[in-house]
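Structures follow.
Both complexes below contain chain A, partnered by chain B and then by chain C.
Showing the complex of A and B:
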């Protein structure tokens, strides 16, 4: 039973509210997932600690080529941010594809990560960007790669009754770098992805310096197509190499069959198409040429 | 063309301000003092016998005021749909439902209900009801259900295993001989999905039972008067002691509540009787999905024969529809499927054989188009195939064969108008038909295509069903107009368009007219809002009532102005002598000198003059509508992503012959909404069941309605081939937007890819598989 709703003004206050709750207090930001889970009895909380009024957490900043998103930054803020569109377009596209306008106006990007759904759009893009979460707990502050936050389907390694992700940060893309997002969906809003793919590439002299390729839902969390990334590292930018990488990505994917969102076989057949399209688009944005 | 003052104008809807500001009242937000909240316990099994049911624990829970099951509610058999009130003799309606029964026949079937002081308590009480079930064998597919080994779902099937009611047979000419005379015959079977209306407001009812036995029910029904008749039969109460009304708005319908709102009304009444307090029952969205009528899925076979020159010569149409667990409209739907399917083209030899079949899924009933979309996706696909076989342009082939006014057809009323040729011509121009065939570059992975689909429909249900209307126009003592019509406004603009008709006939401004509607106590009997009939049929009664009132006004005015009534006309509430100059008269100035010669009089002055002499003008309209065919041609442009199988509908040009658009913006809204439902029908919407008969698509999240972001560009084109039978020439438009859409889209997908789909929806995976198979077979 929910008994209190607290609105702290500092991260320290928020932490102390959580501590005072002794496991019954829980962090809330946008609440678009949490409130449904509370209503359905999937989660319980006696106290909700609202992070959205803590100064600074609503901001998207760029400092020393590092982009930082506060815990209260919404999907629409990210989708509409010039900075994100220019220096991390994969995230802008991913954030734009979540839910509906109303949900994007409320739901936070950090919440999308902490809720730990396998194909959370923003999280998939953040993993491709090499994003790291700033996690604050009574014992101090630590930095954990977003990729390492998953403990299983719908399970985060984080404990929202004692820890707070205050920010997520990742390097702004440089001129020779590009990103892209591909999503297979049954309609243009209010639809979970059948597949989503985020890629970031870095080019030099029309060769791949490196590539990060992330795909979902093909595992418990966003899955790095490491074999595909290895194929591209140091390779020429060419359709052949991109197609080889796409095939390798497929070999590393393990999607499930869903009666609602497509069979495993179908997803496996379409996945390389999305990887190829994403790589082609990212290469173009990085100034490359297939 | 005649010029009108109010008719044909896109006046702002009279309910716009209320709805835009959120003050309009719907059943789901209607409350009464002391009202209780009803909740329903539903079957988890597709087919089971209730061995025992124990409600004692639920009854003991503090705050619970009533618990009802099959043991303590009327055992009067009925049909939730209005078919039980309007089936034309000698046909008899199929009655196969009780409020609660000792056998459950689909997942979601009603087992018990509780009324409590809060929704939460009612839900808790449901969990305390102990039910022991004995599972029975279940069947979900109509063809499976007709096999001898299938379980009998009801005992009353006379025409064959699990066949609901009568088999519909429509013969015309000699098909067997006809096919022998054809140069080319194509026969194909199509599979159709179960889809849902997904009207905005879920099923809801609030019932109040007074100590003197009078019952009042506020509900979401599309047909308050027939619903009153059904409730009267279930509860054994005279019609006159029951009042059914909308409060006054209804959040959509699309056919889902022609008759009862699923079982919201009888359950609310049963609980209110037991509790002695008003009870509100609102279905959750999940309940609405699983326990209120769907569209019929099933199988339709088209066999079309043509001569070498493209003349259609024989058509044989067959349908086996999935009726679900109870009849509802399962006898009428296959009838409309056949009748409309045979009515589009001029073919001398035709036959139809169709029926519904009981299965253990949610009952299927009325949904916008009522069998017609199920006919036209298959027929328009086969017509396209025929054009290809003949090497003819699909438009040319259609123009050669479509019905013309006066042609013989299978329907029991004449075809008095058709603007279909003009619809085809204007739609083709809008879509750019000539671009067809040059839309794609060689090697492209995303392929564009353009397709067409045409059709017709009805403007009410006569003579297939009982169908009549009454209206009363009362001129108030100040000259303003009160109109009473028993039809509801389910969001289609009835409460604006009917006053427009009255205002036009009476020669008054729209602001002078007010309307009472959707209430059995304060309006005369009307069948209600279904079958694209509201404007056409109820409108005809409104016109008749207004003409009656006008006749009385002019007769009285003739005495007043000392001329014969034939010389009088009314405009802007001023009654004047035709041919006499206006302007010199004192009317309207309020300062008429005694004895001054009058050449005009305001309705206001005249009505009050009459009032002071003990007279009021009251017009009555009592009509049985004729019927008239609306016509339509849809053109769709699609883009198929051949690497993922996704079909994107880019643009739809939807040309509709509506006879006369009384309010063009409302007509366009009807067309656009229908087109969008048709897009969903073609590419994304379906309710699929698991092996136990549980529906997988039972929420707005899972059921894939197109969203605002999926809407293609829609060009709604109004064609006006005036029909002599309709008010100001109008015909029905409520359902037509949905009828030809899936066929047009499927034909466009074929045009893009060369792959023909015999099953909808054309979802990503289905299209991907078909394209892969086609590629493998050609390599």
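Showing the complex of A and C:
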């Protein structure tokens, strides 16, 4: 049973509430995952510390080509943001695919990352964008890549009873860079992903400078298809190279059969198709031809 | 003693109500404020029956902690109109047969109202996105979509 629900006005106040709770107080933002976990006993808390009214955390900003999202920024804010649609479209599409409009109005993108589900759509897109989390705790401020935040299925390396992610930041995409998001789902709304793929590519002279290909749920956290990325690095933009990359991505994926996500066999068949589609779309957005 | 006083604007009036930190907004609206038009279908934020408008956005009140509504502006179905002066959405839902068992209806209308309050000329896709978080087991959604676009027309004409 919750003994208290606190709404601090600054990050310092929030940290002090957490410290005062001695492990029994935890951070909440939108709460769309956390409240359910508390109700069914998967997580425990005596006190919730709500971050969403702290000034500055509700903003999406662009400064020096770096986009920053505050901890209170909702999925709907991100999905509708012109800035994100233009300079990080993979994240806008990923955010748009979560839950329902009501959930997207409440649930935060930072919360999606901290909740550490393997195929959390916004998190998968953020890994493809090379995003970094700004983490604040009594010992100070540190920056941790979103990709490194996963300790296991549904487990974050972060401790929400003592650490607060205040912002997540990533470089805005440049003119020669493009991104794309693909999702296999049972319905167009209120459906978890059976598979999702987020891709960011950087091109020069119709060659790949680099590519980031992230896929889920095919492992405990979002999985970088590093062999596929290596195939593309420095390679010509061509359908052949993209097909090879898609096949390599499949080889690195390890989905498990489940009633929730679908069978391993079916998803291994579909995954390279999603990777190929995402690469093609990202290439087009980066101004390339394939 | 963990109870707190929650103060917020509800259907245009300032309300003060005693709540527990573990109370969800839907339960406070239904059990403490008698607004039983707010329906509970799943209790998990996945069916939309409990949808209310909070600070202009449609949200599933069954997973919103009541204390999160401190200082917020909340609208429920009871506040948008009633016998003698129905909201255009209430009228068109009734006139077009967009209601069968009625359980999804309050949440469905609130999702639609949140859309129309911001967008008087929604496209079909925009209407569908607005109600995509509201599940209806009876109607098949066709008449619901029509009722929303008809209400939008009425609202535009009324201006």
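General observations
The criterion applied here is as follows: the second predicted complex is superposed on the first by the 289 of 290 C-alpha atoms of A that agree within 3 Å, B and C clash if a C-alpha of one lies under 4 Å from a C-alpha of the other, contacts with A are read in each partner's own complex, and residues count from 1 in each chain.
FYI, a residue touches a chain if its C-beta (ideal position, glycine included) is under 8 Å from a C-beta of that chain, and two chains touch if they have at least 3 such contacts.
Quick caveat, the model's predicted, so the values are computed rather than measured.
Of the two partner chains, chain B is the only one that A:266 touches; chain C does not reach it. Of the two partner chains placed around the shared chain by superposition, neither chain B nor chain C is touched by A:247.
In the superposition on chain A, contact of A:172 is made with neither chain B nor chain C. In the superposition on chain A, contact of A:50 is made with chain C only, not with chain B. Residue contacts after overlaying the shared chain place A:191 against chain B, while chain C stays out of touching range. With both structures placed on the common chain, the touch criterion links A:32 to chain C but leaves chain B unconnected. In the superposed three-chain model, the partner touching more residues of chain A is C, compared with the other of chain B and chain C. In the overlay built on the shared chain, the residue A:100 is in contact with chain B and with chain C. Overlap of the chain B and chain C interfaces on chain A: residues 100, 188-190. Residues 100, 184, 186-191, 194, 259-260, 262-263, 266, 269-270, 273-274 of chain A touch chain B in their complex.
Within the complex, the chain A residues that touch chain C are 1-5, 7, 28, 31-32, 35-36, 39, 47-48, 50, 52, 76, 99-103, 105-106, 188-190. Those residues of chain B that touch chain A in the shared complex are 643-646, 684, 688, 690, 696-697, 700-702, 704-710, 763-765, 768-769, 772. Chain C meets chain A in the complex at residues 2, 4, 20-22, 24, 43-46, 48, 51, 57-60, 63-65, 67-68, 70, 111, 129-130, 132-135.
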